[in-house]
Amino acid sequence: MPEMKEIGIITKTTSSHADEVMGKLVPWLTGRGVKVRMQEDYRGLADGDSIAVPREHVPDGVDMVLVLGGDGTLLSAARLLEGTNQPILGINLGSLGFLTELGLDEIFEALEKVLEGEYTIESRVRLEASLHRAGEQIGHYQVLNDVVINKGALARIIDLETFVDGHKVTNYQADGLIISTPTGSTAYSLAAGGPIIEPTLDVFVISPICPHTLTNRPLVIPGGSRVELCLLSDSGAVFITLDGQEGTRLKQGDCVRVRVSDQKVNLIRTGVRNFYDVLSAKLHWGHR
Amino acid sequence: MPEMKEIGIITKTTSSHADEVMGKLVPWLTGRGVKVRMQEDYRGLADGDSIAVPREHVPDGVDMVLVLGGDGTLLSAARLLEGTNQPILGINLGSLGFLTELGLDEIFEALEKVLEGEYTIESRVRLEASLHRAGEQIGHYQVLNDVVINKGALARIIDLETFVDGHKVTNYQADGLIISTPTGSTAYSLAAGGPIIEPTLDVFVISPICPHTLTNRPLVIPGGSRVELCLLSDSGAVFITLDGQEGTRLKQGDCVRVRVSDQKVNLIRTGVRNFYDVLSAKLHWGHR
Amino acid sequence: MPEMKEIGIITKTTSSHADEVMGKLVPWLTGRGVKVRMQEDYRGLADGDSIAVPREHVPDGVDMVLVLGGDGTLLSAARLLEGTNQPILGINLGSLGFLTELGLDEIFEALEKVLEGEYTIESRVRLEASLHRAGEQIGHYQVLNDVVINKGALARIIDLETFVDGHKVTNYQADGLIISTPTGSTAYSLAAGGPIIEPTLDVFVISPICPHTLTNRPLVIPGGSRVELCLLSDSGAVFITLDGQEGTRLKQGDCVRVRVSDQKVNLIRTGVRNFYDVLSAKLHWGHR
Amino acid sequence: MPEMKEIGIITKTTSSHADEVMGKLVPWLTGRGVKVRMQEDYRGLADGDSIAVPREHVPDGVDMVLVLGGDGTLLSAARLLEGTNQPILGINLGSLGFLTELGLDEIFEALEKVLEGEYTIESRVRLEASLHRAGEQIGHYQVLNDVVINKGALARIIDLETFVDGHKVTNYQADGLIISTPTGSTAYSLAAGGPIIEPTLDVFVISPICPHTLTNRPLVIPGGSRVELCLLSDSGAVFITLDGQEGTRLKQGDCVRVRVSDQKVNLIRTGVRNFYDVLSAKLHWGHR
């Protein structure tokens, strides 16, 4: 494992714990000879070995990115890392998350391990989506969780003609459709009735939201598949959202193409807990 | 059964069949001594015994309302009949519906029966909903299918504190919530995972849409219950829609109260097919 | 409310807590002038005002039955009370149940209230089922939770022709069918995908178990309905079970008729917690 | 593609169509210089180029196996082919199946293509299961659809401690558990709420049957995973069944280990229809 000489820290600044943690964490790291890049919010902590930069420049040239926050913070950090292979370590400032499965009390133990090279990298697939209108590509996106096509609250049911590898699957008539990675399978897709998918698998899943046709069940397809979804209906506001963050309005005739991206997200795993531990805790499998 | 001396006809005018049907139906009725009130679209068919009036005046004083269209047309006719006990007979211009369970080829047979008094009335509960903001009632609605509180496509998950008869049930964290009558149980609520409810029951059902908490399952409650839903989150666009037709934006702190209305919708049943026949046909229970 | 002069106690004797509780409870009751009838297991506690009798005679002539155990103990107590109106108070010796929603630490507070008449009676519907073979009735049962028709592990999918009030509903092809009361809606039916039904409603629900036809969804029907289920297939071992306790093997051609019984189960409610409190606790609605 | 010089035919002899089809098919094949091995039931059709042998010897040495029947017939043929790479072509004698997706009217067109080498081979994963009791392996099985652990109709809920790659997942408390291949995902697993899985994927899915814990959702895991299920409860009759065909009673403490087998099932695809065509037809995705 490569040595961690410089670490970037992406922080959920709205968390009440963040300041306190950063106050301990930064000197702890620099004291071990690790350089730190952090958000400008922590300018006060900067000294020779730690510098404060605009959030989008935190990852520049670092050996790894430490995320302090929830799963949403990690998703946004992953967007900053597009085009790089930099590994991410997620520490949750609140209750455990699926992506940030370490708690605050485990932060130094985990970092010790990482600095000593006692970790593994778990690669997670991202999806790459493009939006096509009248023969032209008008949008291009990368997600770690999901691409969602969803109707507005006042819109009528939408009609999405769906193809996998050029084969017509069906016209989904539904509130929307979730195209989810394994990582995203425990997020929105699960709420819509999708399966849990082991996060390292090279597959993705199409989960319809409230389908009119009751037999339209979630469909798990190979990572090598190309999905195309075309909006047939003209039913008012229909949007594409990416990892729950951005939104673009679709017009009738628009097509969205989704495939697994060449770029993975590399998560640092220190072996404190595994996927099944987190799953069991988050879904309360210990009790009814 | 009261004699049908005057019949109002509410028509889905966008249907390609409507003109042809009206051309046969109106003289058939007047030839049997029945007066007809119809929409202005059919002005050309008017003579001494049949008159064309604005749609909202079609029901005025008639003994029954004949609906030619789909379930949506019948829902809108039911809104026109608020405050009356006038019975409705639904004839579907396309494929069978849950509310319009007679086909075009059955129209004259059914009307013969009705004119001879060979029919029964099936009363269906409506829901009455009111919207409260800062201590004031700012909206009041009646529905035959459902009251839906739903987030917009770009809004984050919503948080609805829910009470039944003053008892806290839970804070639903979901895309939305459907409060459905038995009649509405085969519409949107079914797509959201709700049960099928025999349509004459005096109950209603709360079905969450994509709930974050997987154990939030549809809840069937007595017709006498009072439901209150208060929007705790401030997550962007959240709307209340009524029978899928109207929409009002909710603000944080708004509360919606829902109860069974004193006013029923009276459907004319001629015994051609019953609820289970329609259910079985619509849900393809004959085959896998 | 009638005075409680004599109380029968039905106990889950396999519970490790039962002995200790009985040792305190019996003198507490007799000290308040209440006579006690208990199971022979507690013969050692008997004195002039408390007597030990065979379990099935515990209810004889008592003003109420106290159940110490879980929901299963209460179901079996309800069977002993068939044909009577004797009210039941359920105290759970372990974690809370849907029927035994009081904990051990609440037992004396609850009994104080009951002895002072500060309680209400909540009537719950039972189902009455009869088994018919070759024109003859060969079994008759009462249940508080559910009537289940289920295939054995090695049997092939079963085919149940189903009628409600003489109308054909469908031929369910499934692992089985659960006919559940509102009380039973939070037990097996919930695991099979059925809705939660407010427990005082006069309705029941037909929930298919793993239906072959994915559109076969749970069906809530009026308490006045008559259900008939006939086994068409000859697929090996198929059984009817009643409240999960008894089992009879069905033969091809056998029909089971189910209706709401005239006899209710009367539960004593002391207002410590209501249905929604229990629901929320049991289904972990407080957290994800 | 290798030349098809000798074809084995496995037939569902209970089908009323089989005799007629065989009467045409066998001379059609021998007339094209293809040798035929068929079941003894068709002894009457045997001549120099076609021979009748015991069913289990039909596949001996043939270049491909033609299955005439339903999906069940193909599953049983696949069992006969364990340890070989012989490809299978499935022709359905009734309505289309997921494995036998060609109809009788397409048989000669499909065979023409196969004889001319115009086909592809689609490899499907099998599962390999072993049963362990008191430290000893007492059973070993191969399946194409699923391994099912299921309680008998009279048994109480079962408790299965479940591990993936040595990591504890949870103790499933349920009626049973289905471990399904992608091929099996459209069979029993689908009825239990499992996802549809594209059939060529190297994954498998654990779908609980009526789990007590409502958050126990289907779990898709890598083909390289090792699953171990141990029966903790002593609740009466619990059985393991393999492709719905064999059954062995499990005892408390028994463990079942499941992994993807090294042996695939090779299906011949002639391009007449693809997986999505069959899915759409079988699940009625063309209409509600």
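Chains: A, B, C and D, in written order; residue numbering restarts at 1 for each.
Note that contacts are C-beta pairs under 8 Å (C-beta built on N, C-alpha and C of every residue); 3 or more make two chains touch, one makes a residue touch a chain.
Quick caveat, the model's predicted, so the values are computed rather than measured.
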{"item": "Chain copies touching (subunit C, subunit D) - same or different residues, decided at half shared", "value": "same"}
{"item": "Centre distance in Å when subunit C and subunit D are each reduced to the mean of their C-alpha atoms", "value": "41"}
{"item": "Whole-Å gap between the CA centroids of subunit B and subunit C", "value": "36"}
{"item": "Per-residue overlap in subunit D, given as positions that touch at least 2 other chains", "value": "190, 212, 214-215, 217, 283-284, 287-288"}
{"item": "Arrangement of touching chains [line / ring / star / complete / other]", "value": "complete"}
{"item": "Partner subunit D, residues of subunit B touching it in the complex", "value": "214-215, 217, 282-284, 287-288"}
{"item": "Residue ranges of subunit B touching subunit C (in the complex, touch as defined)", "value": "164, 167-170, 182, 185, 190, 194-198, 200-201, 203, 205, 212-213, 215-222, 225, 274-277, 279-280, 283-288"}
{"item": "Contacting residues of subunit C [partner subunit D, same complex]", "value": "150-154, 156, 174-176, 188, 190-193, 209-212, 214, 237-239, 241, 244, 247, 283"}
